[in-house]
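Take a look at the structures below.
You will see chain A twice below: alongside chain B first, and alongside chain C after that.
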Partner chain A sequence: MNIILDLSYPSWKFFALFLPLAALLYQLCPRTKRRFFLLILDLLFFWSFSGWLIVFPIYAAILTYGCGIWLSRINDRRKELGRKQTTRLKKRTLLFGIILLLAALAAMKYLDFFGLNLVRLAKLFHINFQWKILDLLVPAGISYYSLEAISYLTDVYRETIPAERDFFRLLLYLSFFPKLLEGPITRYGEVSESLSAGEPITADSLAKGYQRILWGCFKKIVIADHLAPAVDILFQGNVMDGSLTVAAALFFTVQEYMDFSGTIDIVIGSARIFRITLSENFRQPFFAKNASDFWRRWHITLGTWFRDYIFYPVTLSKPIMKLAKKVKKSLGARIGKLLAPAIALFCVWLANGLWHGPKWTYIFFGLYYFFWVELENILEEPFLGLLKKLHLTEKSVSVRIFRFVKLVCIVITGELFFRADTLSFGWEMFKQVFTNFHLHVFTDNLGLLGMDFWDYWTVIVGLLVVAAVGVMKEKGIPIRGKLMSLPAPARFLFWYICIFVVILFGAYGSGYDAAGMIYAKF
Partner chain B sequence: MEIESKSIGKRQGGALRAAVFVALLLVLLFGASALIRPKHGEVYNITEVQMKLDALRLERAQSMDIFFAGDSESYRTFSPLQLWKERGYTSYNLGASALRLCDAYEIFASALEYQSPKLVFLETDAILAEAGTHKDEDDLLTNRVEDLLPIFHYHIFYKSYLPESVRNQDIYWKDANILKGFLVQDMERPYGGGDYMAEDKRLTPIPEANRVFLNNFKELCLEKGIQLVIVSAPSASTWHSGKHKAIAEWSEDNGVPYLDLNLLLSDMGIDWEHDTMDGGNHVNFAGAVKTTAYVGKYIEEQFELSDHREDPDFSDWDQKLKTAEAEFGLEFGHGGEASESARAMGGRDSGFLYRFNKSEEEEGRF
Partner chain C sequence: MRDSILEILREQRPDVDFENETQLVSGGVLESFDIVSIVAELDDEFDISIGPKDLVASNFDSVEAITEMVERLTEEE
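Right, the complex of A and B next:
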């Protein structure tokens, strides 16, 4: 008997088969053994996606565990070694761990990219250099657990958390199945206790978990997956018209947001069933006032990781501080003040682009945001001055509309290049917006984008629901509290309607191709 | 002690509520499933089936002589209005894009409730293509759930309910309605290969699931006194001798006439330089004109069907022909070609549509 076990989060087999079974067995386990049961689940889950590549997260866990213990031993010998020697040894251990973690990541994910670009570079200098494409298999979630391992080591180095003595707890942290494929990127200090506590599942945790999963399915299956065929068609080849470029960028932005945030809802809901609270990854990003605020609300855990482990260390590093001082003396205080953060930001956005994958479009995407964030930083003060002169405030409707339109333009343009196969294709599409824009080309082709009348309306109504929930969240209205205050029959009815909306209006089954998870490939 | 018992009570209450919730949900799912099962059997793509049946219901009852059934090879090849214009036969093309044989059967069986054709041509691409009513026959778990709770399989049943104004703008509906199920495409992308029937290939077996539906077709035709003809539309890039052998063998075993048009290309005058829209997979409008003309002659020679052109009961067909020619800017039959206005028609033959088709083509079928 051939059983296809697709355990990707939006698959029914994950949330209607794997999760209930896992929850039942977890509950039946003695409390002290539950963390081991979770660990077995994690490894099975990983195995279902990547098979023998399971050695990679185990390698990462052994390395991280060993370096952590080593760092703690150095700390223990602080008095004997002295401050300078302790710091030096700790730094070396940290670097050793980080380099080996990144080496595995680079080898599996970026080797072909670097090799092929070396060939291009060599050609420029007329050097004969060949690269045989390795096309290595990438272990599931390597980009996520590698960052988590680095954060753990750095936190142990900084002594914000003690080194973990129990290897299995660390392995459980790195491989916890709900967050394995798409994050969120958690910190050891935040989740290790709840991961190992073996808290019993309650009706409340089950209900809250599944409610969150349902919301995630709504975003992912009802909205994002309906847009998937249109996005594939629009980014497929010939660039026909600027109106199609705008549609492509807009559709992909919505698809990506609903896909990623929906999957994260499923992830957070799944963990909540086991009474484990994972960090939120989205906070109404389109309510942001500018590009940097957008990134504080979009893929939050990646942003905070870059802030804590790249931005601050680079800004506060000795060479950058020295450089900033020199510049301050020669070019003035304002430029000196901007320089250190600018260099750190450049590193952050370069890393952001590279983290998404081995493609120039991703690197461009990172640097594109570096440009906008820096520009907004520089112009923020003059802009506020202008508002004052115009007797406007940041809360004025016109200012908010202006900022929203600007943000949408920045974001969808970024997403256009992010999704395009190559930079030149992205540029060709982008140019069409200004040189060949005919709205009727888009409206004439609406029926040819792999979406029908019902699909368009499903997406539109779905987005209105998401926007309404977003507004309520921004205003601090406790949606869950209001729902819980309803009498039980009304609550039941509400959830039945929600379930049937997802079942009836979801893009799955005959007539739809499985859309996959966008962020699982990064 | 009191606190502990309260907590246990609360936990038990929560568990009971959860159990009631799940039980009620199952009742609703089974109830909804019972409501939306198709009439004659399981189908794969309920939207296509319903759309085709909705269009067919607009036809006058008991007015059809001939049906063409199958997938895109059928609905891009056989043009009912041309057949009317040239031979005076009334026909409808039941084919649709990537239609599976089970769906073709459902459409055919449902259509017989209000039509009594004398002849049905079943195109062979669907017979040898992906089979079964499930999306992936290997995905046994999903299929079992869908069998138990068909709501998951037919969840988009509502898609055939469209406002009239929207439906009338839909290009696929126009084909189904105005062109009697035929799909017009006048783009040219030549086929560059050689004689694709020359090579002697191994027999391509008919998938078991399709064999069942093929027999169902045969049985139903026998029961209703309809002559079944198996036909292979010209398709240079997908058809070959191995497929021909499989169909010829089945036809011989079952005493059903088989017309392989791929062996009659020169008789029809098919020129793969100009008569295909996608490098040989499907004929374009010019190719369809030639093929339909040949099939019309074949029908006239092999079967005794009446020419209704002088019959006042069928005068509405002339009107329908005029409407279609005006709407699409086409001239059906007599070597008719798509006019300039057809070429300018809302994106149908634009490069953009071509790109869309290309993506379908990459999946192997239309």
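Right, the complex of A and C next:
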């Protein structure tokens, strides 16, 4: 992507220059004009990353706006048209909007992938078919705002929200700069009011916003960026030993979690400054009891989007319900009950894989989770029965340890394939764990992974802090409340120490790509 | 109607106290798999068609909310 001016969230230019200046000018604007000022910021922000590709979010907004208005006009004519005709026209309008939104996404992001795979397929049937690589530039945030536009249209179709009459409000929703590059994927009904309200920035919103940004910088710059060089080396292409595969998978999982959740903290903090509350995207994912619970805690807004706009509609569609009933009659209630969700889940996980990008590794990643979620669904009842026989409960320490180890194994294996350049390379790495594992190879190579002694300790201590905060959150301990109850000098000292920790222990300088945000490329 | 709904709910999730629970979805007691199973049973039992737009927490948070939704959909049918 041709970046004109680096304003990526974890860069100092963003949170120490762009954001304070934006906040100051926003505050100086009259309240009724603030939403237009935010919109200008959004467009500038987008332009700084993608230049002329700014036409794409504008195209999405015009299309979404038009289809929304059209849906509401059909609704208004319900009496005249009758129920059947109304439903038919609404469905057509919704499909028209979704197809054109997905067409732009597919054209910019997936065209080469589909073209090259068509060439492969044609070869299998001895058909001569060529594809010239287009290598198109992908507009920043297209995967995120496309999903938001689809959710808006579907919600208008379902009549859970009214169609927006003000085009600029819709454009503001789709392009709001803090969430543009990495989400969270918001719903129109949840954020539209606060986006356009023009609420004044307060000392409280500024403090809370920057505190959250600081926490995000800690995760991203102190932990994730320290691991980045090691992950790059480990995935470079020379598979030496299974121990290095485990290290690669583990390091990348930590890097990705800290990178993505840290960036989301910066995003949520940035929006909070303007008194706009964005949805949380993470909820202590490694406290999950299984793979599906993990996905209810990791990239939450993507999961709920798939649930509401793919899983439910597919499961409750007439053909699937009919099929499930037939199967229930012929093969029994249990299989019938599992069938409809299984078909919908397959669609969800295929879409999840594809959404991440045009690579077979991502598609494999999606289907890998389909396998685990489905397997855990099938085995849940027998597993609980087994626990009863063993006089154990889900809260027993041994059960929790077993579940944690199983979850970590599932997650890091998934991340191994997710990060590998190709599926075959991922498989080569994975095989080594069982055929060529020597722990000393890892310890011998510790110094050759682009991290020194202090880098390792910084990461370990940083992770312990994140884990401690996670435990407190999971137990419902109000961390912010406890901090706020401290006397003012102690509070200030605490925040100054935090700032210095990020400055002193952050990964900067050559070899570190502080601008790289893993989830911005999706 | 309430009793039939309670029976369906208990059949799906015998471990949940449906009489007293008021945050079945927003409290994370019922998951999406439970909900689609419950919907299939309710559709069959009351000859209604619960659509994706009805699958919001406020319709499934308690047995009362579910009963209200079923009553509304029965009238609409």
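We adopt the following convention: the second predicted complex is superposed on the first by the 511 of 522 C-alpha atoms of A that agree within 3 Å, B and C clash if a C-alpha of one lies under 4 Å from a C-alpha of the other, contacts with A are read in each partner's own complex, and residues count from 1 in each chain.
We take it that a residue touches a chain if its C-beta (ideal position, glycine included) is under 8 Å from a C-beta of that chain, and two chains touch if they have at least 3 such contacts.
Note that the structure is a prediction, hence the values are computed from the model and not measured.
In the three-chain model built by superposing on chain A, chain B and chain C fit together without any clash. Contacts of A:Phe453 after superposition on the shared chain: chain B is touched, whereas chain C is not. Once the two complexes are overlaid on the shared chain, A:Gly476 sits clear of chain B and of chain C alike. Between chain B and chain C, B contacts the larger number of chain A residues. Once chain A of one complex is fitted onto chain A of the other, the partner contacts of A:Lys337 are limited to chain C, with no touch recorded for chain B. With both structures placed on the common chain, the touch criterion links A:Tyr312 to chain C but leaves chain B unconnected. With both structures placed on the common chain, the touch criterion links A:Pro382 to neither chain B nor chain C. After overlaying the two complexes on the shared chain, residue contacts for A:Ala203 are found with chain B alone; chain C is out of touch. Shared-chain residue A:Tyr496: touches chain B; no touch with chain C. An angle of 160 degrees, to the nearest 10, separates chain B from chain C at the C-alpha centre of chain A in the overlay. In the superposed model, A:Asp444 makes contact with chain B only, not with chain C. Remark: least CA distance from chain B to chain C after fitting both complexes onto chain A is 35 Å. When both complexes are aligned on chain A by C-alpha atoms, no chain A residue touches chain B in the first and chain C in the second.
Contact residues on chain A toward chain B in their complex (touch as defined above): 1-4, 12-13, 17, 202-204, 206-207, 232-233, 236-238, 240, 244, 441, 444-445, 447-450, 452-454, 488, 492, 495-496, 499-500, 503-504, 506, 508-511. Interface of chain B with chain A (complex): residues 11, 13-15, 17-18, 21, 24-25, 28-29, 32, 44-48, 135-136, 138-142, 145-146, 151-153, 155-156, 158-159, 162, 166, 169-172, 346-347, 350-353, 355-356, 358-359. Listing the residues of chain A that touch chain C in their complex gives 158-160, 292, 296, 307-308, 311-313, 315-316, 321, 324-325, 337, 340-341, 344, 377. Chain C contributes residues 28, 31-33, 36-37, 39-40, 43-44, 50-53, 55-56 to its touches with chain A in the complex.
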